[in-house]
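Each in structure tokens, the structures are laid out below.
Two complexes come next, and they have one chain in common, chain A, joined by chain B in the first and chain C in the second.
Right after this comes the complex of A and B.
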């Protein structure tokens, strides 16, 4: 098995996919860091102070002003109300919600990339892991060895898991190192909030606790990894089912984007919550943002994703071991 | 010794039976030709022999191991190239070989050198495969097939796309493998001339079934013909017609060849005043044979 994984790694590295992904990440992080920096600068100019308390106070007032506008939709109103309450809580407890520094940038970057950017990167690797062997024709050489088919597929899957872990580690590291140049590398121990719950009644901080930033980031990475594995496994399945890498990528891409669009539309179509795409934003549960459909919880999303993951895995392995190769 | 044995192999796709019961036996040290027009079922059969396609029924055993139930052991004794050897273009020839060698249990690294030397690729082995010529890729393909010291080598259209010099080289190489290493080589081809020059025995396949299996020599001699150029034409035809079946060609008559009777027939002709311009014994090309056996199933 080790030999097989070594083979897959050899091919993955020789095709320089990981380097491309790393490059894209580095460029994006530079871009976002600059954007963040600009935002800070504008705010500074506007408020004339770097004191976050004043900024936060100003934000609360802004949000309340928007809430006063009767034309905003109910959903959005609720979200804004929640945000005001959160911000008020931060202010009352003397906690800077956007503790400037590389750790908080990293955290935000991870949270924002969980449902689209990261899955895209994973997809680049996963979607041609199997289908490229078909399109190159090398599948005929690969499957005429004295090795059972399921072992070959398993070695590819383990390679995918390794690649996913590598990409996420790379993402964390790149965003930390690059943003740190501008924002400084401090802030690992800053207090962070966890355990907010969005209920019918709105914002519920009864279960909330203050944990150090690093712990929060670790939790973020955990759920990000899980979501990435699910998307990776789904792309992997598509890669087994469809010969064309481009078509496979297209399908996954369409699903992911559909998820992003749907999550803004489906609050009343409750059965949509069983789509994997709508359960991707696991980090939202950690930082207390409301879910796209009321009643969705972290454990619900984890369960839904697990079911999709298992299904994809079973389909991949049965199809691959039974398939006639023409 | 029988190295590859195929019994009543069938493949059905949907309702259509595309392989209708194929039986083949390969012996040690022989080159066996698998001949048929495009679409006759050669590739499907070869893909079943190499484990890429699951047969609907029938059995395949390689060195005594059943391919279905004992896949790994059977595959240990098989080397193959199915269609073109599509090796990884982004890896060097050496890395490609290392890649496939890692998939062989108990592989010894000295074998890598042996195989590279055997196919004569030592100089370019560390270059990327995408820089290789077709002939070099074909040789690298053979090298990967030989890595595991197989007893059976299956080559699907091995000279496809090679230039005449390359074809000759490949032919020599295959013959040497069978002779020196005692390999059984199964070669598929739609080119009759190639099979005629390369193989000891041949199976002719048409529409998913084997029509005939025999040594190349026996197959050809059973179809030997006698060409008569005679005058007057009509009279000679009538006389010969009393002994055997006569076909009419442009300026000659064609009968079967029979060494015992040829003399008798010619004496009869001469006695009746027919002038014999030329008598010629002809071995048919496999081409003609094929047409005859398949009843005109197209072949290139």
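Right after this comes the complex of A and C.
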């Protein structure tokens, strides 16, 4: 088994896709860092101060004024109310929700890439793990060895899990190193809130506790990893089912983008919450942002994702072990 | 070459395996932490107790504006409001940098403003201010035009009593957070002056303003700024199409009046 995994890893490294992913990430992080820097500068010009309390207070006031507007839709109103209460909570406790520094940037970057950017990167790796063997014809060589088929697939799957872990670490590292040049590398021990909940009644801070930022970031990475594993497994399944890598990528891409679009407009179509794409934003539960559909909770999303994950795994293994190879 | 590749791949595999365990640990931690939250146990494990000191930069002019939609600038198509025009004027006149915090919230009544000035963060900002501008009372009195349409003197009396009590508390509160700054309380105008019962409503507004001015006069360094006369003659030229909020011209009039009072 160990040898099989080594073999798969060698193949993966030889294809240089990890380097491509790293390059794409580095370019994007440079862009985002610059954008963030510009935002800070304009804010400085507008408010005349960099004091986060003043900025946050202004944000609260602005949102309160938006709430006073009678033309905004109800669900958006609810979201704004949650945001105001959360910001007020930060302000009352004298804790900066966006402590400047590379750790905060990294956190935000992970939170924003969990539902689209990261899955795309994962997909690049996962979608041709099996199908490329078909398209290159090497599958026959692989299967003529005296090893059970499920073992071969398992070694590929484990390699995928390893690659996902590596990509996430790469993402964190790249964004930390690059953004730190501008924002500084400090901020790991800054206080952060965890345990906000969104209930029927709105924002609930009764379970909140203060933890150091690095613990929060670790949690963020943990759920990001889980979401990435689910997407990776689904791409893996598609890769088993469809021989063409391009077609497989297209399918996953379409699903992911559909999810991104849906989450902006489905608040009234509640059964959409069983789609995996709408449950991807796990980090939102950690930082207390409202879910796309009312009533969704962390445990619900984890359950939905786990079901999709298991299904994809079962389908991949049964199909691959029974498939006629010619 | 192949051997190098192979050892590289082993190293990468090992690193990935460690990372996998770390992320898995993070995931388990996140799930534990967020699924079993017990109510009411704020644990403060990392917060540094040092409160940042208030920076009062002597070099700049700091204006904090609180109040209702007039402070916000509702009705002005440029979105500036009297605060915006006032800032422009101050910037033109002064060579110091001018910093303006607009904390106005549309639709705010006096009791809501009182709650707002009591919050810690607003107190903090008031403390740093050189000038504090307040518009309040319009929503208390007019209730979107309802009060004066019904016109029941007894009801207006009780509204006014409550308002004056709130105003007194607001001014005391603001004063206690900042002993030095000059407070400008901008008075009400009568947007309904050209309607049928304009005479009666004007009388109510005048009395309202008179009492506000009296309340302000009792506080040190607190100036009541009348606006009633500005809108008395050509009210429709200065009102926005909702016939309630000022338009750009109207806001400019208020701003000029306040600007004339500012000295530094």
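Note that the second predicted complex is superposed on the first by the 326 of 326 C-alpha atoms of A that agree within 3 Å, B and C clash if a C-alpha of one lies under 4 Å from a C-alpha of the other, contacts with A are read in each partner's own complex, and residues count from 1 in each chain.
Going forward, a contact is a pair of C-beta atoms (placed from the backbone, for glycine too) under 8 Å apart; a residue touches a chain by one contact, two chains touch by 3 or more.
Please read all numbers here as calculations on a predicted model, not as lab measurements.
Undergrad: So if we stack both complexes on chain A, do chain B and chain C clash, or do they fit?
TA: Aligned on chain A, chain C fits beside chain B.
Undergrad: Touch test for A:166: chain B only (first), chain C only (second), both, or neither?
TA: The answer is second: A:166 touches chain C but not chain B.
Undergrad: Looking at A:146, would you say it contacts chain B, chain C, both, or neither? Reply first, second, both or neither.
TA: Touch status of A:146: first partner only.
Undergrad: Determine, under the contact definition given at the top, whether A:136 touches first (chain B), second (chain C), both, or neither.
TA: first
Undergrad: Does chain B (first) or chain C (second) touch A:10, or do both, or does neither?
TA: Both partners.
Undergrad: In degrees, to the nearest 10, note the angle that opens at the C-alpha centre of chain A toward the centres of chain B and chain C.
TA: 160
Undergrad: Counting residues of chain A in contact, which comes out ahead: chain B or chain C?
TA: Higher number of touched chain A residues: C.
Undergrad: Figure out whether A:324 sits in contact with chain B (first) or chain C (second), or with both, or with neither.
TA: It touches chain B, and chain C stays clear.
Undergrad: In the overlaid three-chain picture, find the nearest pair of C-alpha atoms across chain B and chain C and give that distance in Å.
TA: 7
Undergrad: Which chain A residues are contacted by chain C in one complex and by chain B in the other?
TA: 6, 10, 14
Undergrad: Can you list the residues on chain A that touch chain B in the complex?
TA: Listed in rising order, the residues of chain A that touch chain B are 3-4, 6-7, 10-11, 14-15, 136-138, 140-148, 322, 324-326.
Undergrad: Inside the complex, what are the residues of chain A that reach chain C?
TA: 5-6, 9-10, 13-14, 47-49, 51, 53-54, 56-58, 61, 64-65, 68-69, 88, 91-92, 94-95, 161-163, 165-166, 168-169, 189-191, 194-195, 197, 206-212, 215, 218-226, 285-286, 298-299, 302
Undergrad: Of all residues in chain B, which touch chain A in the complex?
TA: Spelled out, the residues of chain B in touch with chain A are 47, 50-54, 71-73, 75-76, 78, 80, 82-91, 95, 99-100, 102-105, 144, 148.
Undergrad: Using the touch rule from the top, collect the residues of chain C that touch chain A in their complex.
TA: Residue list for chain C touching chain A: 5-6, 8-10, 12-13, 15-17, 19-20, 22-31, 33-35, 37-48, 51-52, 55, 60, 72, 97-107, 119-122, 124-125.
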